[in-house]
Every structure is written in structure tokens, then in C-alpha cells.
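Look for chain A in each of the two complexes below; its partner is chain B in the first and chain C in the second.
Take a look at the complex of A and B:
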């Protein structure tokens, strides 16, 4: 359903969402049966923990005090950027995540850009040729493709190009110990990136394409298109500058809604390709039950999605003057 | 209403393809015990055996028959999808429609919650909760339902708002009908194509999320699920086994999701008034460069 979100992206919704996530992060481990320290740090971590350390941590999380002071301790820790300590990686959670983040941003960012450009272009061409073979073919094939779960598209690409044909690397983001620098390094990164990136783009393409196509179909019925035609504008001009440009607005709004999908899609695809980003980190933290790291990653992803959504809302106001006047 | 969108789906080739796909998977799930001689968790005596008459898809790393795990996986997926679609759509109808009917503070309260929940990426919260709870099937269904009602509630509220202004609803109100009667007799019947669309979207999302969570390895370990099959088999891509272990599970999951998307897409196109007119008659659609 193309029910585009109402553009009044008021801060309160985002604030509420943020508070909900923080509270969930706070409540979940404390709701678990047994010692909250066990739930916060996981059973595996406590095996290696000394009584002094346990006392220190109990003090730090204010676990021997009422809930209100526990929450104050939790909130003040977060405000100082303290996400806790990952016993599995033996480092601060924030440091561990920051090490993996650039790879995820590279993957998700490029996928967003490529899928948006490709999806809009295909949507414009397809909507312009509504009902013709190209349009029908594109709809059927992209609908089919976007129905696939992102991690399975990744697995298929990995199996076809990595395992069977052997033309792409099976895992990682760079060739280990290659010592390559400069251009050789960039090419190596691109070589490792191409499969995960294609998987993410292939899955995301369908939604963007379909939205542009349907908007295009309705924009082409507007009077100003007829005027443009009567003036003798060329077909390509009408297609891109008159109709295509007006089909962009819903795409921008939908980008905000698409961001969570792209980011979570990137997380899953990283796991398939053992790409050293936040997704692989999440996978290994889930396997090791490294709860502070799991919480830190999910908190970071949520904050990223909320911030990006807010940004899209603000951008939308600039793009569409009608929204600005309406407020 | 001159058209019935639900009937249009049956005529649309994409919709038909979706229904056939879904029907095939449903048959697999229903007749699972008759299609395989093994129970999904039974140890068959050999590990990593290649496909044979005995085991159509061979056996996996712990000696379970892959074909029967695939069949039982269909049961899990469809059960999760259907249950979540039902529970979450009932919540969506109730909250969306009553918000539209009552309006005021009640409406603002629910829409605020819907907006806040739409802003949070549901799969992320699900992963977090599942990591702690390791949910079994029932808890998983309840969790998924708790996170999938908001989009449907927003859509159904918008539709109810416009239905509320129709003559027959005002007439019923004038005759003294209460809100629950109006909801049951006048609003919900008119909403039915949209309710079906919401259910399909909820069902699809639930199946996808269950598979995703199992693929991450955070669901109940005793559950037989396509996502879990993929999680287990992904570690063995260096052997030939992926051909009959990893790929069939992925294809089964994908075809189920594609089937649901096709039905949903076809239904939405049938309902979208912007796409309703015949292609030949519109301005600008005729000529080509």
C-alpha cells in the first residue's frame, strides 16, 4: 500500500520511540529470572568474573538499590556514551562497534544510492510504457525478486559466483595480509563488496521501482503533461523533467521507511558473506551471548534509523513547498 | 462498489501465480506426514547422505531427513504467518476503526503510539527480545503480533474515517445504532478487501521475521524452521550438501514470500484508484520515444 507517511515528522514520535527502546534495554535484562547481573552480562561472562569485579559492577549498575536509582545509573552511563564492556571482545562496546561500523555504512550507503537511482530510472521508463511488454516484464521480474528474503539472495549470489564460478571472494572485506595500498586496496575492497552490494540492491530495487512506476502512471494523467505535449516538448523531456521529477517526492518519503529495511538487510547479508561489519558482529555476539554488545548494536541501529528518518522528514519539507506552507 | 478487488486478483495473472504458489506450499504443510516417512527430528542413522529414493534430499549434519524437515518447516512458517496475521489484523481493525469512530484524545493516543512504533525497526527489537527470551512458537507469535499491528491500524483508520462520512453510516447512526453495531455491520464489511490486504502483508512480514530470527539462531532450538535449516547449512558451503540442504529451504521460503507478495501486489493494484483506468485511454501513456 502506498500510504506514504504523513510528513509532520514531529520530534515527539522519535523521542517516544527512543524512550521505548531505552526502556526496553533497561527492563529486559532485569525482567529475566535470577540475578540481573547474570542477565546483563550473560552466564558465560560471570564464569571469569572475580567477586571484586562483581561487587564493582553491582555498584556501577546500582543493582542493590531501588529501580529508580538503577535507571538513573543506566541513563547517566548512556549519556556519557558508555554502552558497557564486551567480555567476548575484551573491549568497550562502543569501540568494538565503531571498528565494524564503517563497513556497514559503506555497504548500506552504496546500496541505498544505487538502488534509488536504478529503481527510479526503471520506474520512470516502465510507468511511461504502462501495459507494454517492457513494463509487464519489469513488474513481474522485480516483484518476483523483491519477494526473496535478502539473506537468501545473498546466499544464492555467494553460491553461484563464489562457490560454483569462483570469481568472487567467499568472505571478508579485504584479502587478509595482502598489504595492498592505494588503488590496489580500493580494487580489493570493491571486489569483496560487489556480491553483498548486488544482493542488497537487488532486493531493495523492487519497492523503489514500483513506487516510482505507480506515481509516474498517475502523474502522466495530470493536465500539465498535456500542456507540455501541446507545447511540443520532446518525449524524453516530458518523461524526465515533467513527469519523472514529480515522481521523486514519494520516493524521498519512502526512503525514510526503507532505511530500516536497508540497514537490517545489510546486517543479514553481512552474516552471509562474513563481511566484517555490524551484522557479523551482531551474529557473533548472539552466538557468544555477549549481551552488552547485542544491546549496544541494537541501540545504535535504532538511533541511526530514527535519526535518518528525522533527516528525511526535514528534507521532505524542503523539497515540497506545499508541506512547508501547510504548517 | 462496482468492482470486487478480491475477484480481480483471481483474474490477474500475477495474482493467480501467487495463489498457486501459496496453495502448493499449503498442501505441502497439510500433507507433510503423508509425504515423508521420517519425523523431522528423527535420527536416520546416516549423516550427509546424498539424495536417494530413501531420502529425496539426503540427510543433514545430524542425520535428519532434510525432505521431512522441509515439509515440517512449511507448517511452522504457515502457522506463524496465519496466527500473526489473524491476531495482528484483529488488533489493527479494533484500534484503527475505533480511533476513527471516537476521534479526540483516544484517537490521538493510539496514533501517537502507532507513529512511535512505526519509527522503530521491528526486526531489531525482535532480535533483542528473542536473544533474551529464546521464544517458543506461542511467544514468538505473540511477539510478532505485538509489533505488526501498527501499519494496518493506520491504514484501516484512514479508510474508516472516509467510510464514516458515507450516507448509510450516518443513516444508521441517526436510527440510533451504537458504535459497535456500526463497526460490525457497516464499517468492517466495506473494509474487507483492505483487511485482506493488511492480513497478507502481516502474514508475509511474520514469515519473513520468523525465518530471519531462526537464521540468526535466536529462536527456540527445538522448532523446525526454514530459517534454522539455512542457519545450520550455511556453515557447510564448502561441501556439496548445500545443493539439497541450503538451497531447497531458501527456495521454499522465497516462494512462500513471493506468493504472498504477488497476491498482495495484485490486490493493491486492483484497489488503487490511480491505477484503475485502462492503459490505452490515458494521456501520455500511448506514444513511445
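Take a look at the complex of A and C:
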């Protein structure tokens, strides 16, 4: 009963969630009043649509056929990565999204990694020095920062460093038409990344730090810390090996729960900095009422949150034997 | 040699340990017992240097004073020269590390890297954890297994000083006895300090005991001595209130609660034999007959002493050469058949008969005359309450009469004391009841009225001559319980005269067997019951009710508790 076993139950939950999302994506437009094509593509698209095109689409989605065939058509489309056609970008929705996705992954992923590492490190040190100047200072400043909405911090950074000081580019992910390659290209990307990344990190840092610090404070009161001290463990061993590792667990859980927030935060920041990621794409698709694209992005975001949650779950299992060997 | 000198530990300026002097030699195992909050754990933690409060005094280990060492020097001693076994509480082990790794760490942090993990497996095996368990995480282990792991960890570097903090708490009985066996071999040859509130654990593991009360040591001594005849009032109370399946006397607690920072003797608010100096001056821990006791009165004082008392009626010896001692707050049962002279003994004490020779001493003064003062100190209750209560007086007058005789207080004060006395014996004090006459009372009520009448003067000694033999069993049990409660609250000493050994065993601390006017056997109740030496005692035991087959089982009848707690503890 103590043997390590794969978490079947959980995988099934994730699978169910995925099926539910895809089904909703299928059902909702078809439940809207009026013509489903209308609902899927929106008014403006229909105006621009030729009868031939309309016939093609009706055929493609099997809209004139029973629901079962419609669903088969939808599912087989999905399986081939077909999310529909963006009439605004005049390209497959999947292709359009794929163009923007790497930038978002770069921005949000890096922000998450940096904020987590920095937040836990500061939290551990601060919690270990509870009540001393470093602890008080960190609490005050990080609480202050995390009180602002993310886009506000973004705008502030943009104004200070971009507009006033002029040390960072105002928008975009690369300098257009620079033709830079190799190291120069990488530096250019980093230069553009620095402000939106800082904004995201600053906003997320507070929560992670505070959680780590408070967990650290309570873990330090637990009896096994005393056991470790009585063994003769050094201060740093107590701090990192015993208290620190135990303080990480709630941070991992919390990160899983904050993922949607982190992703929406990233999308807002992209819009502020006109960063060519999924956030900016969503913004312009909203402006253009490019429904297939909007739907595609939302689908992608949900799947991303789900996948990331699965990742967090697996990570937690690695970190905490109590879950790994749950009876 | 570990020597603790005048150790004071305070948290926010209020001392938790207040001037502790103790020493432990190699091969010695010292138990620290006391209620929770007495400062036991603080003592353990201050030796290993992990106490958070302010520490003063000296803790000398060999040539070093541990309190002057730097944190780094102290760290290198911890787990290497001083090992500590903690109580197996829920979070005593790191939940994220395998057990063998946690034991290994105890060695690697002191630089013993080579072969550490193999040694850790061997250590775990030595404490009874196999290879498979060694790879487990704490949450996969039972309480006993975790306790074993904690022990292995403390032994990892073979420390010369071993501190065990409640090592058997939160374990079930079977596991506890296994762990005790293991610990016994672990402490052998070391200087061991065992912090426990469990007297059985102390008895099994330690050759010496120190009793801690409100941050002070009140008594120390060899385990057997201290448990079989506690000398400090607090030690006695602690042992009396220790629940044990094999107790003879019913459990009694100690009145009141422990408080720190009390002026004078820390125990004086709960002590039933305190004198004036106790509230003003702190008693020092002084050697006395092979022990150390901190008490202005040198420990529990004898209240009543009979020394070679002889009484004859018309050339017939009724009592010959009777010597007995009754201590403050204790019950001495005198057991004998009718005609053994036990009633004569009671009457001699109360003054109805005059001894031909021999002396009676009360509160260290020879009793020469029975004046009012004497009856303020000594009262008696009889077998048949209805005969001893005048049937012409109602309850109120009956209970008030002793106050009238003593001329104590005004009418209102008397009425108040009467009501209080009735309350103490759990009788109503309303006008209806106060107006009743003895023939309107049940046997149990009448005996309670008789007790109230005796207690209204707040005597120190109550002589009870077969007080319950005229009552049916359930009423009898209640009356006995009442007497024991009064003893606990007031420190009342009881001379309990009975023919019933089973009953005597339930209520008494000491027991004397009277046969044809002679004391043939006398000692702690437990010892007399479990190991009777005199033939006559054995005969009595055989005929005693409820003492048959279940004598040694200890389980059968909650009210009839078996064998003495101290013996049981010692032989545990």
C-alpha cells in the first residue's frame, strides 16, 4: 500500500476537464439564437462573406447535418489542429496563434520562474529573521508593490524607464527591420523584454514572498526543527534543508492556483507594452471581432492553465512524499 | 560529570526555572518529574543550549561551563556529546526526508561522513527498525517506529549525556514497554536525564528522581525510597494522583493549581501543613536521611504518635506496647477482628481511656489533658451515627453544638459554618433539612451529619471507628469518597479503624494489623497487602471480601483497586 503508484485519479480529472472545455466550445455557439455560422463568425464576417464561402463553411462544419456529424467534424478538425480561419489575419487561426505564443511563453514563463525563485529566497531569509530589520523592510516594500494592479505597474515602469529615462524601448519584442542575428538578436530581445518582465515579476513577487515567509515562520516552530537543532545542524542547514524545503510546498500549491491570474496578468502587460504575444493578439482580435481567433485563444489559454496545473501537481508529488505515498 | 548549579531560566523576566542544583554522574540516570508547566522541558533544553529565554547559573560538563560556550562550540556538542530524544509528537521528524537520511545527517553534520549511511542502517537495526522501514518517510511509520528512529538519531554519535524528553508519552502500553526496554539499554553507562510526567517511566529508567515544582527542586532521592515513602507533601500528592491500574488507595489529587513566582515556599498555597514561615521564606534544598528535601518542616510531619501504649482492664491486657505514627494528610488504617483492641485504641487517642503506660503525642506535643484545644484538633465519628447523634436535637443544633462548646463566633457566623460544613459533606442546608431530627434521616444522611459535626471545627485528625459498617455498600462507597475528598482538600489525617481489610486497602496509605492487642504488622498499605509477613495478616487477607482471585489482575473492579501503586511502579 506504500508502493509508489501513478496518480490515475488525477489524470482522469484532467481528461474530464479537457473534454468539458472542448464540448463547451462546440456547444455554446450552436446554442446561440440564430444561425450558428453567424454566431461563430460574427456580423462583420458575414457581410464580407460570399455565398460560395458560406456554402463551403456550412459544408465544412457540417452545419446542415445532425449534431452527431457536426461533432465528428468539429473533433476531427481539432485533432488536426484546425481551430478555424481568421478572416482578419487571413490565415489559419492555429498559425496566427503559433506566431504569438512563443513571445508569451517567454514572458510569462520567465516571469513565473524569476518571481518564484526570488520570492521564495527572500521569503526564506525574511522568515528566518522574523522581526528583524530585513524582515520588516521586505514585508513593507513588497506588500506595497503587490497592492497595485499589474497593468498599473507596467504603465509606471514604461513611463519612468521608457519615456522619462529612455533606457528601454517603449514597445514590441524586437527592433523592427534591424536584421540582427545571433547574440545581437538575443540582446535586442532581452532589451525589449526587461520592462514587461520586471512589471510581471514585481507584481507576482509579493504574494510568493509573503506566503513563503509566513510558512517559514510557522515551519520553524515545528518540532522537527528542534530535532534538527539537537542533532547539531548548522543554521544554514536548518534554514534551507529543513525549514526551507518544507516552506516550498504551499508555494507550489499556491502557484498552481494563481496560474490563471498569472496568465491574465501577462496578457494585460503585453497590451501595455504592445508586446507581440497572445495578449496583444487577443486585444486586436477583440477589436476586429475576429470570433474564431478569440475562441481559439480562449481555448488555448484554458488548455494552458490546465496543463500547467497538471505540471504543478506532478511537481508537488515529487516534493512531498506524503502525497506521493498517500494511502 | 554533569553539574547544574543555581540555574535560572526566565522568559520575559519571569523565571521558569529558579535556582536549580542537580548533578549527574556517569552511569546515573536522573528522572525529573512534576506537573506540566513545572519547567521540566526547559531544564532539558537549557542543557543542550536550545532554550530561548535568558539563562543564568552554571552547567558544568567536565571542564566546560556550557553556558559560557559560543553558539558554534555549543552546536558542535549537540548531538555529539549531548544527545536528546524528543517525544514522538506528530512533527518530531522532518516529513520530507527518509528516516535513514535523517539518522545519517546526525553524523554528517559532525563531520563523520565516511560510512555514515551504513552506520545509520546499523543504528536503526539496533533500535529495531529493519531495512525496509529505514527507507520510509515519517508519515508511513507508526508512533513506536518514529520513537525508535528518534532514539537512533540521539545515539548516532554515542553521546556521553543523553536527555530524554517524555520518551514514552503518546505511546500505547505495549509499545511503551518495548521502548522502555530499549531506552534502558540506551542509558546504561551514560549520564541520563529523563524528563517525564509518567512515574512508571521514571521508575523503570532511573536510579534517582528529582521532583520539580514551579521551577524548583523540592525533593530528590533514590528512586525506590522516594516512590515508596515520599517525604515532601508535593511528592506524595504527585504519586497519589498518578493513575495506575494497580493502585490500592483511590486516586487523590492535590488541591489548587501550580503557580510560578509565589513568595516563600512555592508549594505553600497548596500545602496542608504550612506554617507561618512557609509564606515568607523560601525553604532550601537540604540533605535529610539520604534525600534532599526543600521544606521548612523537613517534609511531611507526623501528626499523631503512639509510643509503647499499654492498657489493661482488670489485669487483662487490651493493648500492649502499641506504637504507631500517623502523618499529616495521610490515612492510617488499623485493622483487626472484634476483641483485637482496635476500638480501645481509638478511645485511648480521643481520651476516653487513660493508658497505663506509654505516650501519645499530637503535633509533636505530648497529650496530657483533653481540653477544648485538643478537641478542636481531634474529632471522632462512630460506627452507628444514630446512636452517636442525640435524637432530641435537629440537624442544625447537632452540627452547631461543637461550635457552642468551643464558643466560636457569633450566631450568624455559627449558622454560616454549619451550612458550609453541611455543604462539604454534600447535604442540603435548607430550613427543611436543618429542622429534621435523626430519626427522619437515612443511615447515610445521619453519618454525613455526624461527619459534618466533626468537620465543623476543622480538625486535623479524624478518628473514624468503623464509620461505614452499618451502611449498605453503595452508601459506604460514597461516604469513603467523601472522607478522601476532605483529606485532599484539607490535608485531614484519618485514623481509620476497621475489621475490613478490603476497605482499609482502599482508603489508607499505611496499614497496621492489630491482633490480641498487639501490632503484628505495619507498613505502606501496598506492601502489607502484596507481601504480608505475619501469619495473621495472611489469614485476614484470605478472608477479606473482594480480595480473592482478582487480587493481582488489577482490572476487575474499578472501585476495588489492587496492589500498591508504588510496588507496581517499582516492579514495572
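To be clear about the criterion, the second predicted complex is superposed on the first by the 299 of 327 C-alpha atoms of A that agree within 3 Å, B and C clash if a C-alpha of one lies under 4 Å from a C-alpha of the other, contacts with A are read in each partner's own complex, and residues count from 1 in each chain.
In this section, contacts are C-beta pairs under 8 Å (C-beta built on N, C-alpha and C of every residue); 3 or more make two chains touch, one makes a residue touch a chain.
The shown structure was predicted, so the numbers you read here are calculated from the model rather than taken from an experiment.
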Partner chain(s) touched by A:203 [first = chain B, second = chain C, both, neither]: neither
Partner chain in contact with A:278 - chain B first, chain C second, else both or neither: neither
Dominant toucher of chain A (residue count), chain B or chain C: B
Contacts of A:246 with chain B and chain C, given as first, second, both or neither: second
Which superposed partner A:195 touches (first chain B, second chain C, both, neither): neither
First, second, both or neither for A:262, with chain B first and chain C second: neither
Partner chain(s) touched by A:226 [first = chain B, second = chain C, both, neither]: both
Partner chain(s) touched by A:152 [first = chain B, second = chain C, both, neither]: first
Footprint overlap on chain A, where chain B in one structure and chain C in the other make contact: 2, 226, 229
Touching residues on chain A, where the partner in the complex is chain C: 2, 222-224, 226-234, 237, 242, 245-246, 319-322, 325
Complex contact set, residues of chain C against chain A: 48, 50, 75-80, 83-84, 86, 89-96, 105-106, 109-110, 136-137, 139-140, 150, 153-154, 156
Chain B to chain A touching residues, read off their complex: 14, 112-113, 115-121, 123-125, 127-129, 131-132, 154-155, 158, 197, 201, 208, 211-212, 215-218, 230, 234, 237, 242, 246-247, 250, 253-254, 257-262, 265, 268, 272, 274-275, 277, 279-280, 282-285, 287-289
Interfacial residue positions of chain A with respect to chain B in the complex: 1-3, 5, 12-14, 16-17, 20-21, 24-25, 28-29, 32, 39, 128-132, 139-140, 143-144, 146-149, 151-152, 155-156, 158-159, 163, 170, 210, 214, 217-218, 220-221, 225-226, 229, 235-236, 238-239, 243, 260, 263-264, 268, 271-272, 282-283, 286-287, 289, 291, 294-295, 298, 301-302, 305-306, 309
